[in-house]
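Let me give you the structure first, and then I'll get to my questions.
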C-alpha cells in the first residue's frame, strides 16, 4: 500500500537526488555507506539498486581522497554529489572543499567548472557528543566561492537540493538529521530559488531569522510562549547567497531582530547577519540586532547540559522578550 | 597450561566477562531509552581488549575508537564511572560531558575513545613519542577498526611512528564491517600486515582475535620490544562484530551463516571451556557472578546519580 | 660584531621558543622543515643545533598526523609547539585542532590537559596566490576551546608566544610573515597578558580595531592620510580571549568604530566584534560599527588585483572618513 | 634508433628545451623583480614532463604541483599565456588570478598546478573515474614530488584508484629534496614502488627520470594499459632539483659533489648528445633557437600586456 502522506524531509533528499540522476547521467552520488547501505540515515536508500554501483559509489573511509576525487570528477564532466556523513567531519576533508573546489574557478580565471554538491548533515540536541553535533556553516560561508544551503522545510529540501545539483559551482548542502522525519505543513507551496529567504510567518513586532531546525524551534516558541508577540519568522534557506533584501525589508518594519542558529554564537554566522543589518538599519532599529546560538563550549553529551547549550523554545522566547525591552 | 597460565587466563576472562556484562547492560538500557545518543558495543571482540590491555601497565597509553568501552574497562577504568557517563551523570568519568564516544582518563593512560575514525592513531604515536622523550619506558597502543586503514591519518601515523621509532603498537580489530560496509569489498592488494611491514614496522602479524591467549601471547613480546626500543608494530586481530554498527542497527547486510560460525568462536565461551576443562569451573562461575554484581551495581549507582549542574556547562572549556 | 639593533619580529618568535625550551625540557618544536632547515622563513634557525633533533623535530609532509601526534604528546606530558607552515594548510589538519585539541579538555570533564601551540603564519599582499594567503583566524576563533593570538608588534610576538607556550590549553598562534623583518618602534614597552587589547595610539574621533599586519596599515593610513582625524588605534592581540572591555571603553568615548582585518569580511571575525559592540553600545554610537576586510573572492595573484582585494591605507582612510559621515 | 625514434626524441627534446628556456627566463625575471610571489622551477627535471606528456592526448588529464610549469607546457599550454600569467597580466592563462602555483586549463586537460602538497592526486583519480564513467578512454596522470608520499591524500588516492580501477598513472618525481629536507632522511621501510604495488597497482616501477627515452618507453605502455582498463600504475622517476626549492633559496643544504654528478646527467644534454651523434645536430640547434625565440616573444608580449582591470576582481567567484 503506497504511503499517501506527503513526503518527509528525508524523502525530499532522496527524491531530489533521484530526479537529478534521472535527468542527467553525469550526476553521481559518492560517499561512505551511501550505496548498498542506503546511508546511515537511510537518505539514499534505493538509489544504489536503481542507478547501480557505477553511479552510486560506496567508498572507504577516506574522505579527503573522496572529496578530492569529486573535485577532479567535476572538472572532468561529472556532477558529483559527495556526502560528508556528519558535518563535523569536514575537519578531515576541508582542503578539497576550501582550497580546491571553492577556489578553482577563480584561480583559473573562469576556466574551471566545478558542479559539485557537498551533502552533509548536522543536528544537535540528541547527545551525539562533541564530535557529532557541530553546525559549522559559518566556517564555510566565510570561504569565497562556496554556496551554503540549509533547508528547514521538507519541501524545500527537495527544491534546494535540485538547485544545488544543477548549480555549476560548489554548494555545501546542510541537512538536519532531526528534521529527517518531518512532513510538510498543509497549505500551498511556492518554490523559491536559492538566495531568497522565506517569510514563514508574518509579524510586526520582531523579526526572527533562522535556518535548519531552528526554524521550527522558533515557531514552537511563538506558538507556545509568544502568542502575544507579532513575530515575523524568516527561514533564511541559504547563507550564501544571502538575501539581505528580504531581511532588511522585514527589520525595517519591525525594528527589532534576532538571529537564531545552532552554531556556536561566538564568531558565528549570526554575527554577519547582525552586522549587515546594523550597518544598513542603524537608525531604524529600536534595539540591537541580537543573536542566539550555542554556548561557547564543545557540545556536552549529558541531556540536561546539552539542552542548556543549544537554543530551545524557552531561550528563544526569552530572547524575543528581551528584544522588546531593549 | 601452567598455573601461571591459568591465573592469567582467569584474569583475562574476568576482564572479558566484565566487558560483556557492561555492554550487554548498555545495549539493554539503550533500548530502554536510559542511555541517550548512540552507542557502539564490542560484544564478541572482548578478547582483544583483554589480551592487549592485560599486557599493559597503568602508565602505558591507549587510544581507542567509537567502539571503546572494552578497551577502557580493560585498561582499568572503573565501570561505575563509565556507566554513569553513559547515563550522562555528574559522577561519570567525564562528568557527563563526554559520553560513550569520548570516554577518557589520561591519569591512567586512556587518551580517549574518539568519534573521528583514525584520529586516535596519531595521538597514540604522539604519546609514545612523549614517553620516550621524557625518558620513560611507557608504550602506547592504538586500537582501531579495519575500516580505518584506508584513511590518511592511518598512513601518516605509521609513517611517523617508524620514523620516530615510537613505542606504539597498532592493534587493528578486523571485525568484518565498517558500518554497513563489508570491509572485504573495500580491500585490494596485499594483506594489511604486509603493507604495514612495508612502512618499516619491526613486526606485523595477523592473529585470531577471538582467542585471548593468542592475543596475549602476541602482544606481550611486542610490548616488551617496544619498551626496549624496538619501535612500532602492528597486529591485525581477526574478529567479528556481533551486534550492529550501533545499537539499533538491524544488520540487514549480515550473512547469517557467517554470523553463526563466528558465534561459535565466541572468545568468552572459548576461554571458559578451556578453564572448565582445566578444573576451574568454580572460578569461572564466580567471575561471572562478580561481574554481574559489579555492573548491576554500576547501573544502579549510575541511575541514582545526579545530572551535572548548569554551572558545569561552561567549565573546562579552557585550561 | 653583534647586531645592536632591537630584535625583529621574527627574532621575537625565535627567542620566545628558545627561552621556553630553555626553561622547560618538555617544550618541543615540531613541523615540516622547522629543524635543520630553520623554517621556511628562518624563524626557527639555530634551534635545532641548540636543542638537538630530539626536541626540534623535522617531519615529513603529513600535517594531520603530526598535529595529531602533538595532541597525544601534549596529553602525555610534553608541551609541543607544532608548526603549520602556512595558515591555509589548516585545511589538511583541521581535525586534530578542532575535534581533538579544542574539545578534549571539555569532553573529559577537565581530565585532559592539552598544553599545545599551533604556530602558523599568514600575510597577504605579495602575490602568494589563493592557497597561500588566507587569514582563517575567524574559523578557529569560532571553535570553543581554542585560544587565538595574533601579534602585530615585534616585542609582543615574543611575549605572546611565551604566554602561549605556558598556557595549559591549545593556542593557535598566528604570525604575519610580512612583519617578520619589522623592528620595534622606540619607546618604553609594557608587556600585556593575552586577553588584553593594546591602545596603540589614542584618539577621540574614531576607534579602529585591528590585528596582525593591519595594525601598521592603519597607522600608515593615519600618518599619511588621516592627520586631521583623532583615530584611536587598538591592537586586539588576541581574538580569544576577546577584550571587549577595552574596546567598549574606547568606542563609548569615540562613538564610532571600524574593525580592519586581512581575513575576508563576509562571515569573518570582524562581524563578531562589530556585533558585540553594537549590542552593548547601540545607543552610544554615532554610526554603525563597520568592518573592512578582504573582498569576497579567493586571493588573486596579480599585484594590482590583490591590492584591491586587501585593505590598504587608502581603503582604511576612506572607511574612516566614511564613519565620520555616518 | 629508428627514424621514428629520432622523430620522437626530437619532439621530446623540443619540449624539454622549451621548458628549460621558459624556466630560465622565469628564474631571471623573478630575480629582476618582474615576477611577483614565489616560483618553483623544474630545471633538470624536464625529461619527466616531456616523456610523460608526450605520451598523452589532448583529452587526457594531468594534475601537477607547485613545480608544474614543465608539465603544463608539455601538456600543450601556450608559453605566451603562461608567461603572461606569471607576470600577473590579463592575458595570462588564468587572467592573472592564478599565478605560477595555480596555472590550469581544464579545456586541454590541465586540472591545475596546486599549492597544497598532495592535493592533485585525488583530483587526478576523480578525473580518471569521470573519464570511465562517461565512456571515454581518456587517462589521467598525477604528477607529484617524492615529499608527497607520506601524506594522507597520497594513501587515499592510491586506495581509491585501485578500488575504482581508475585509469590514472601516479608519476612521482623524486628530485631528492622536499623543500630543505633531504627526502632520504624521511624515508623508512620498503622502496616506494614496492609499497605502491602493495595497494594493488598493476604496475609500479622506479626509473631514470633524467633519460627522456626511458620515461617515454615506460609511460607509453602504461597509458595504453590504462586506456584498455588495466587500472592505475605508479612510476617513481629519479631526478634532481637543480635550483633551490623556490627561486632565491641559496640551497645551503646541498651536497655539491652530488649536485655535480647530477649536472652531468642533465636530460637535455643527454638527448642532445644522442641526437647529435645520430647526425641531427642541425635540428637540435634549430630547436634551441626556436625555443629561445618563442619564449623571448612570450616574455615580450607578457610584459607588454595590461594588468587585469578592477572589474575582474569579483568575477568568476561563482559559476
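In this document, chain identifiers A, B, C and D correspond to the written order of the chains, with residue numbering beginning at 1 in each.
Everything that follows uses one rule, which is that a contact is a pair of C-beta atoms (placed from the backbone, for glycine too) under 8 Å apart; a residue touches a chain by one contact, two chains touch by 3 or more.
Quantities reported herein were computed from a predicted structural model and do not represent experimental measurements.
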**Asked** What chains, if any, are shared contacts of chain A and chain B?
**Response** C, D
**Prompt:** Taking contacts as defined above, which has more of them, A-D or C-D?
**Reply:** A-D
**Prompt:** From the C-alpha centre of chain A to that of chain D, how far is it in Å?
**Reply:** 40
**Request:** Compute the distance, rounded to whole Å, between the mean C-alpha positions of chain A and chain C.
**Result:** 30
**Fill in**
Per the C-alpha means, the centres of chain C and chain D lie apart by a whole-Å value of 36
**Asked** How many Å are there between the centre of chain B and the centre of chain D, using C-alpha atoms for each centre?
**Response** 46
**Prompt:** If you look at chain D, which of its residues touch at least two other chains?
**Reply:** 92, 94, 96-98, 102, 114-116, 150-153, 155-156, 159, 163, 186, 312, 317
**Complete:** Residue ranges of chain A touching at least 2 other chains are 59-60, 62, 64-65, 88, 91-92, 95, 99, 106-107, 129-131, 144-145, 295-298, 300-301
**Prompt:** When you draw the chains as points and link the ones that touch, which shape shows up: line, ring, star, complete, or other?
**Reply:** complete
**Message:** Looking at the complex, which residues from chain A come into contact with chain B?
**Reply:** 32-33, 36-38, 40, 58-65, 88-89, 91-92, 126-132, 295-298, 300-305, 308-309
**Request:** In the complex, go through chain A and note every residue touching chain D.
**Result:** 26, 28, 54-55, 57, 59-60, 62, 64-78, 80, 95-96, 99-100, 104-115, 144-145, 147, 167-169
**Request:** Under the touch definition given earlier, write down the residues of chain B that touch chain A in their complex.
**Result:** 36-38, 85, 88-89, 92, 94, 96-102, 114-118, 147-148, 150-153, 178-181, 185-186, 253, 307-308, 310, 312-314, 317
**Item:** Residues of chain A touching chain C in the complex
**Value:** 64, 88, 90-92, 94-95, 97-99, 102-103, 106-107, 129-131, 136, 138-139, 141-145, 239-240, 263-264, 266-272, 274-275, 278-280, 282, 285, 287-291, 295-298, 300-301, 326
**Asked** For the complex, which residues does chain D have touching chain A?
**Response** 61, 63, 92-98, 102, 104-107, 111-112, 114-116, 119, 121-131, 133-134, 138, 140, 152-153, 155-157, 159-160, 163-164, 312, 315-319
